[in-house]
Amino acid sequence: MSSPVRIGLIGTGRIGRVHAGNIAADPSVELSWIADPFVEGARSVSARFGGKVTESPEELTHSGEVDAIVIASPTPTHVDLISSAVDAGVPAFCEKPIDLDIARVDALREKVASSGVPVALGFNRRFDPDFAAVRARVEAGEIGRLEQLCFTSRDPAPPPADYVRVSGGIFRDMTIHDFDMARFFLPDLVEVSAVGTQMFDDGARRHGDFDMAVTTIRSASGALVTIVNSRHSAFGHDQRIEAFGEHGMIQVANAPTSLVSASTAASVEARPPYQEFFLERYAKAYAAELAEFVKLVRGEPSSSPTFDDGRAALLLADAAQRSAEEGTVVPVQLDAG
Amino acid sequence: MSSPVRIGLIGTGRIGRVHAGNIAADPSVELSWIADPFVEGARSVSARFGGKVTESPEELTHSGEVDAIVIASPTPTHVDLISSAVDAGVPAFCEKPIDLDIARVDALREKVASSGVPVALGFNRRFDPDFAAVRARVEAGEIGRLEQLCFTSRDPAPPPADYVRVSGGIFRDMTIHDFDMARFFLPDLVEVSAVGTQMFDDGARRHGDFDMAVTTIRSASGALVTIVNSRHSAFGHDQRIEAFGEHGMIQVANAPTSLVSASTAASVEARPPYQEFFLERYAKAYAAELAEFVKLVRGEPSSSPTFDDGRAALLLADAAQRSAEEGTVVPVQLDAG
Amino acid sequence: MSSPVRIGLIGTGRIGRVHAGNIAADPSVELSWIADPFVEGARSVSARFGGKVTESPEELTHSGEVDAIVIASPTPTHVDLISSAVDAGVPAFCEKPIDLDIARVDALREKVASSGVPVALGFNRRFDPDFAAVRARVEAGEIGRLEQLCFTSRDPAPPPADYVRVSGGIFRDMTIHDFDMARFFLPDLVEVSAVGTQMFDDGARRHGDFDMAVTTIRSASGALVTIVNSRHSAFGHDQRIEAFGEHGMIQVANAPTSLVSASTAASVEARPPYQEFFLERYAKAYAAELAEFVKLVRGEPSSSPTFDDGRAALLLADAAQRSAEEGTVVPVQLDAG
Amino acid sequence: MSSPVRIGLIGTGRIGRVHAGNIAADPSVELSWIADPFVEGARSVSARFGGKVTESPEELTHSGEVDAIVIASPTPTHVDLISSAVDAGVPAFCEKPIDLDIARVDALREKVASSGVPVALGFNRRFDPDFAAVRARVEAGEIGRLEQLCFTSRDPAPPPADYVRVSGGIFRDMTIHDFDMARFFLPDLVEVSAVGTQMFDDGARRHGDFDMAVTTIRSASGALVTIVNSRHSAFGHDQRIEAFGEHGMIQVANAPTSLVSASTAASVEARPPYQEFFLERYAKAYAAELAEFVKLVRGEPSSSPTFDDGRAALLLADAAQRSAEEGTVVPVQLDAG
């Protein structure tokens, strides 16, 4: 067995800690460095899972002691950290989105492509076992040609208003996962049409964001993607997929928290609410995306989402934002520069 | 098209009215006579659906104007009415049970058999489209050899205490449907084991009956039947079947009253309670059993339950009653006299 | 009890026969006249259900022997037949759509409004017991403010190409039901955005129609309606509604054809396909809409969809068609002339 | 925080390894010694999770370096190992059953009781989160008085014939879990009635065992327990509970392996088969029962099943075996010696 891949973790917030836990649990990798300008965060992760601590991501990346980095710091830092990893020749896994500004993404794109340094994007939903199973079954032809793809993505509760302010808006922050999933099933998306409104979240109202949205995307083949989003859901995480084709439909239901149901004079077959928290809903997906990134680092065949996947999702988000603002269908060109 | 089969209906209580409605709705039959000693009942059925009225079942059977009779009068009248129909050479459809006393049934048996006059029993559940579909799929070999058969039969509410008193007990009154269904799937039943208790129904308590029971029946092949009964069910009619075999399981779920479900912070996918009323739950079955009886009358191939089916169900009920009272397994011999 | 309402039926095609059957089954109405230029159709309906026969709708409407008419003839005849009914002072029930041309509808509108003659539209889905139950529960506040409304409407198979040619296109022919349902829940719709494509139906391809479409409608309150349509569905009629609000979600599932499910080594809980045929799926709705129309004719409080409901649905369909063709969001004004 | 509880593991077969993994994963305990006469097994567990190795359980128990032991060795060793733990004053967790011979269990009973040394039994199903939730909701009165309790327990495939030979038979080996669960809900069980047959498993046939069984148990209150067992199930582990009472029913469904369902022209809503393997099905339960035992060791309030729970389950199994062999109802007295 080869020696463990030494991983440097940048950022020790909520998602950084998920990655730390998954790194610790995987014997093929090792958490060797942890960087966070808020050095207390790094220290507390180190106390639990081991690893050297620094407040400087640069020091970590250029330490010569990491075989790969995981970037889980705030979005505005992503472009510089990827760029630095490419300079150091260190493979990087970066949380979505690359950046909220497509110009900054495009400026980095050529450098990444020509460097040959692997850069993977954190589109964890591709690695959810059920979503992945649906896609595999669609690819295997079980329902014939794919004609319609419907995503329902409703979060349990809106993020804090301060987060909404810097989030880039619902399309770049939340729908971006659905955009990536849409491309995962249908790479040839050509036209985006989106409607957003604001009904319940004060943070969205104050910062000019939508708190719900419906997006329709047309693929070159004629297949249609529908994405229904809401920033709240009284009954827990609402995360469903419906792939409809020539010969039938494959669906992913919501994740139950229990196998228990109750039947009384009031109602029958009532079950407890769904999972509240995305880290719990997608726990397996986070572990699986890390394992896939490790394959990429080792030079093995890997299906990690790429820098260009990250860019394409952002282009779709930008198009949706413009469509919702201007009331027009917005064409997208996802392949060329 | 042949002329309609003229049917004489004896008994105009709840179940008699169901048969009247089905006869009226079926263009291949005609409600020609209606008999009820409580002649007002017969008159009100006639006012709605037509037919001559009499208070004398004998007059009806021997009128020469009926091609067949439907016996929906109280259980103690069944044996004499069947006997009379046989004398008149008129095919008879009789509600279950034939009688509560196996000796009286046996006394009639030879007469029916040697007469050649068709006698059908009202085991309507065989004609429920879903139950029938399960049996057909089992017969077709979909789950291989049948190994276990589980019935859950819970009525919404106990019958009136006065009815309980003359009902013959839960096994002869209620489980008898499940006994017939058990034989419908597995004809070679050889041994009955039953436990009954009384927990909630005052009528059962007063008249020494059980208000719930569990019956296990062994077939010669080794297949096992389980019947779970209760005289009440807070959430509506609970009528389920589970056929389990070598290659899998086929189940019949409860009949929903609606396609609607609700998901809130309290519970998800909650649906309205099931149907309350057996006449509604088995409406299609009542119509189908009548149509099958008409085939029998016309001399066409018919799967109407026979007199011997009625006798076999009673033998099983008697065995269950004895098993529950004595705490022993009771062998049954369903084929011979 | 008042004397039966005498109904004249115009048109004896598939849907006309459904109405004939429902009229015959309802003791409060009577099928008194039947008109069809293809007089054989009228004769065959009369043979089964009674009623005078004519090939002239005009003769029927002005016979003085009908208290109301049901218009089930081809769409191009609707405007003239309604107009004629108004002239005769005879209440009319007309199948949707009023016409494919909003100008003709508008031209008739004032006449209908000023006449005081009741005109009802055949939006049967409002009368589906499950759809009606969801709306009643939403109105009762069970899920708080309604925020999102999602319709999935997929027909089992495309109509014949000849029908597609004269249908007015998928939005005016098929989605029109969903448009009416959207307004049934959310009357204040203000903006339509639609995307249509053609992937599988040759008839749609030849006649420049779409065979699938996704429509998003914004209400003044910010609530969002999503309608997903397809002209085919391998597993039977796919007709679902999801009402999502502040406090939860109420859904209508597809109508099962059976309560049976099977579990084997291949899959578990598999059920037979859904109903294939809309007349079967909506049988109760057709009967209920007729009963509601009879109330209207009798001058009783009635919730029959009105002429203006028919016009509003057509305005939405027109807007969707334009949106899909031009790639822009199309505002609608449903209240004013 | 207190220092970790040092645990000695005896037996390193399949279930021993599950406990080893759970001990290793729980920071409040530590795997300090591992004993197995097949010392290679102990060494391989130690290599993975740490701990001293011995081939002598005695050495482990009396090492003075264990605060508690987990007995996961073959059933015939259980009584001596518990006895030795009691001698050493070391709390013991023992896999079910205590022994196949009630006389040996009774002989040990007084010693355990008077010693005050905690002895816990491995009835893991009590700790399954869904089963535990049902019981908690029943205890909380959600369905009123409990009237009927139905267990369906079907294993994916029969054990090897060699195992069947020494297993003590289906009731003592397999149903024993259901017996314990029955008492978990209804402590006052008084009478057992069981039927067993042999239809498919050659091992059962050769060694005179049943491969399926139905058991009915009556409680003093009149509540009825039904247990349906089979040694095979084509669609995976079939493990369901239904608690039925005055005000309704609470059910535990089978554990899905996926949230995916498929709808085609062949069937709708078909899902992948259930879990095959009991260690996977009950993974959470194994971890939770260990945590509960640790509380017991620490002297904290604990709901670990006791030695007497183990004895009561064996008494029920003995009664079921006798009932199935003799065809009589068998009374049980679970409280006294």
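Labels A, B, C and D are assigned to the chains in the order they are written; within every chain, residues are numbered from 1.
The working rule: a contact is a pair of C-beta atoms (placed from the backbone, for glycine too) under 8 Å apart; a residue touches a chain by one contact, two chains touch by 3 or more.
By chain, with names taken from UniProt: A, B, C, D = Inositol 2-dehydrogenase.
Model, not experiment: these values are computed from the prediction.
A.B. asks: Taking contacts as defined above, which has more of them, C-D or A-D?
C.D. replies: Output for the comparison: A-D.
A.B. asks: So which chain is the furthest away from chain B, centre to centre on CA atoms?
C.D. replies: Checked the centroid distances; the maximum from chain B is A.
A.B. asks: Centroid of chain A to centroid of chain D, CA atoms only: how many Å?
C.D. replies: 41
A.B. asks: Once you find the CA centre of chain C and the CA centre of chain D, what distance in Å lies between them?
C.D. replies: 59
A.B. asks: Could you say which residues in chain D touch two or more other chains, in rising order?
C.D. replies: As it turns out, chain D has residues touching two or more other chains at 143, 234-235, 247-249, 254, 261-265.
A.B. asks: Report the residues of chain B in contact with chain C in the complex, numbered from low to high.
C.D. replies: 129-130, 133-134, 137, 142-143, 247-255, 258-265
A.B. asks: Can you tell me which positions in chain D touch chain C when the two form their complex?
C.D. replies: Against chain C, the touching part of chain D is residues 234-236, 254, 256, 261-274.
A.B. asks: What residues of chain B sit close enough to touch chain D in their complex?
C.D. replies: My answer: residues 143, 145, 147-148, 150, 152, 154, 191, 193, 195, 197-200, 212-214, 216, 218, 221-224, 226, 228, 230, 233-235, 238, 244, 246-249, 327-329.
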